[in-house]
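Each chain gets a letter, A, B, C and D, in the order it is written, and its residues are counted from 1.
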Amino acid sequence: MINKRVNSIQEALEGVQDGMTMMFGGFGLCGIPENCINELVTMGVKDLCCISNNAGVDDFGLGLLLQKRQIRKMIASYVGENAEFERQMLTGEMEVELVPQGTLAERCRSAQVGIPAFFTPAGYGTEIAQGKEVRNFNGKNYILEEAFKADFAFIKAWKGDHAGNLIFKGTARNFNPAMCGAATITVVEVEELVPAGSLDPNQIHIPGIFVQRIFQGKTYEKRIEQRTVRKRP
Amino acid sequence: MINKRVNSIQEALEGVQDGMTMMFGGFGLCGIPENCINELVTMGVKDLCCISNNAGVDDFGLGLLLQKRQIRKMIASYVGENAEFERQMLTGEMEVELVPQGTLAERCRSAQVGIPAFFTPAGYGTEIAQGKEVRNFNGKNYILEEAFKADFAFIKAWKGDHAGNLIFKGTARNFNPAMCGAATITVVEVEELVPAGSLDPNQIHIPGIFVQRIFQGKTYEKRIEQRTVRKRP
Amino acid sequence: MALSKEQIAQRIAKEVKDGYYVNLGIGIPTLVANYVRDDIAVEFQSENGVLGMGPFPWEGEEDPDLINAGKQTITTLAGASFFDSSLSFGMIRGQHVDLTILGAMEVAQNGDIANWKIPEKMVKGMGGAMDLVSSAENIIVAMMHTNRAGESKLLESCSLPLTGVGCVKKIVTNLAVIEITDKGFLVLERAPGISVKEIEAATAGTLIIPNEVPEMTFS
Amino acid sequence: MALSKEQIAQRIAKEVKDGYYVNLGIGIPTLVANYVRDDIAVEFQSENGVLGMGPFPWEGEEDPDLINAGKQTITTLAGASFFDSSLSFGMIRGQHVDLTILGAMEVAQNGDIANWKIPEKMVKGMGGAMDLVSSAENIIVAMMHTNRAGESKLLESCSLPLTGVGCVKKIVTNLAVIEITDKGFLVLERAPGISVKEIEAATAGTLIIPNEVPEMTFS
């Protein structure tokens, strides 16, 4: 068993530098690597290019990096929940590249599995297709999209073992699996870290080969963006 | 819950016709849809184009269809275990297209997820690349491969529920998941069929949306190709 | 009288057939789930990674790890499954989802749709909308017939940046049910008490009006 | 004396480093697992969908649902995982596997390899070999120096259909350890008791022979 466990969040983030490209798992505030984001704020690294489906909210998630102006460029599919984001984008302080959500996921997955480019219908005929190759397959038009490249991927899993094997929970899975191994260094924080052999090999969502470093997160706020409930009868 | 359960293997294979293209899960004899293959032999459909990593052995798996000359064309990555196969190929009775194993898997997965084509390095500079587009990304050469198209996919899973959700076991998983939903009709045979709600939603390998028909297989021989053991001390 | 948002959802629910996997967008589409007949089997997919969504949770039972694409807390039904974003959009791109219902800012009579950006004013991003509209065989747009300024959202051609081209098949607004045809917007049904003239007055694109335009029914 | 297959495997085992994920081909490469030092952490990947392979099962404990790429029954170790073929080749194509060891029929001095087809004679297929050799950064070929007819398998250029181009980095044969360089086959080590002349006699491609060619050691 190849041990991926690191002893501290500082060790987990060793090598992080200004100007790097980083992937962040999560959808909205669900399944985001809270501990890693907080540590990046503490470290104060800047000029980051962040690849993440969303940009958090003003005071949580990637919004914390935005507040501190640590992000130079954001690659995302939906950023509507963040006023500071919109301000920095419209004033041009921050560069923004909007990518269709399925294309975002597949560009991560392609980096993970060594596929440099693939064709997708998403965005054909829109401004997203500008400058991209268009090709017709079986009567339908597709555009060519390339794999992402990133220095670090920050992942949140539910359970993990020392070998780096991961299990996600519910819809907190989202972008996390496709980003594992899509960057040079994949750092995973988990709610529960167990010895190798504790997880059923048949029920691993992501094998440890895609993970370089794993640690147990300290606390999880798990903020809910839209608490929507039924009143009890 | 959308019910995918059918009451008989005859119902599961309804619509199968001569000349169709069919995918078969399995690696060697591990995780092959034994019941479906046997029924195809009984039905006697012919001129089939079969997509499968291997072609079985002379008297088991797809070898049974070969014996009866039901296969017009075979698309596979490795066919070394089957003398009758080699004979039909060398005499030209059967057409054979050999595809690198990872490309085979990815062409299935691409059909499943609506990607018409992707670039891969496998086969660059070899006869596999003949007639295919070559492109250089970041200093490395890749060839363009297209998604498969098939009429039926025959899948073997370990457990499944009435909603079509599947769980595979061990290395019997192999090509099965990527073929689900890669054909017009996906037929799944399972060792254990349970009511919807019996499986943990977090541990489903393939969601039921990729499955059209599911049934519990009658018996499983699960023949071992290379029984390799350590002698007990 | 023009339909309420709930009534638009209720009318669209009639388009949901037995055995459909359905993706519901944010806003009016989300309400459709409340009106689907309970004697048919339907599963709702949410692109953040769940199939078999159920109703909102009871108070106090919210799970932060269980949300829909609108970031709302949800529940799941028997037969549900979770999966990652890559496979989720695989379902969408691979045309395994039978029906997509989403909102729009503009729809053109050739089926083009715009719903993600107002240049220099509003840039929230397209989320999964571009994947959905470029992939789905069966797309219904749920929207008000006119915008807040009273201008038609059904146009000869879209003025806003497109989300997808030639993809919308049907539109249900507060005034009418409309089908996209080669020749323009075909009026299939009108809201109860709404005249064809009122629909004409509220529409900027080419309308095709059959001799008979029946009133909508809701069940 | 020329090495046995077991000794070739034993010599290759020295190339396996702590923390490596390793893919072993069929034949001699499979034997390498037996000789890897047990004080280093190594995981074996099999392309049919398992990481963390252990030894063969005890008699009577074979599981037909648990095999390796050679279709042999296997076991798994703590920390193992199963996955589908698509993700398995994702590991390979995505260069997450650190070392690939496989057999060959021919290797050319530019690193080309042929191991899947003898036209009109033997066509078993490439299996995963083309994916492996086109993706891996670190490929070692394990083979006999000459074929059954006594002809060199180390050539100026391959005569058989290629599996991959310019990909082999190192070759371990029954006679020598050889590195592929811009100028030809560089002889790094010779088998115990085998002279440089014997290696020269058995090699068809360009050999580069340093002043000192040490004998192999095995631990």
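Everything below uses one rule, namely that contacts are C-beta pairs under 8 Å (C-beta built on N, C-alpha and C of every residue); 3 or more make two chains touch, one makes a residue touch a chain.
Bear in mind the structure is a predicted one, so any value in this text is a computation, not a measurement.
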Pair sharing more residue contacts (C-beta pairs) when B-C is set against B-D: B-D
Find the geometric centre of each of chain B and chain C from their Cα atoms only, then give the gap between the two centres in Å, rounded to an integer. 36
Whole-Å separation of chain centres (CA-atom averages), chain A against chain C: 28
I'd like to verify one number: the distance from the centre of chain C to the centre of chain D, where each centre is the average of its C-alpha atoms, in whole angstrom. 56
Identify all positions of chain B at which a residue touches two or more other chains, and write them in rising order. 106, 113-115, 120-121, 168-170, 202
So which bits of chain D are touching at least two other chains? 50, 82-83, 86, 89, 92-93, 135
If each chain is a node and each touching pair an edge, is that a line, ring, star, complete or other? other
Listing of all chain pairs that touch each other, if any do: A-B, A-C, A-D, B-C, B-D
Can you list the chain A residues touching chain D in their complex? 1-3, 111-115, 161-163, 165, 181, 195-197, 201-202, 204, 207-210
Residue ranges of chain B touching chain A (in the complex, touch as defined): 106, 110, 113-121, 135, 137-138, 140, 142, 146, 167-170, 202-203
Okay, in this complex, where on chain C does chain B touch? 19-21, 41-43, 45, 50-52, 76-83, 86-87, 89-97, 135
Please give the residue numbers of chain A that touch chain C in the complex, ascending. 27-31, 53, 76-81, 86, 89-90, 96, 98, 100-106, 108-109, 120-128, 158, 168-178, 205, 222-232
Residues of chain C that touch chain A when the two form their complex: 46-50, 55-68, 70-74, 82-86, 88-89, 92-93, 112, 120, 123-131, 134-135, 161-166
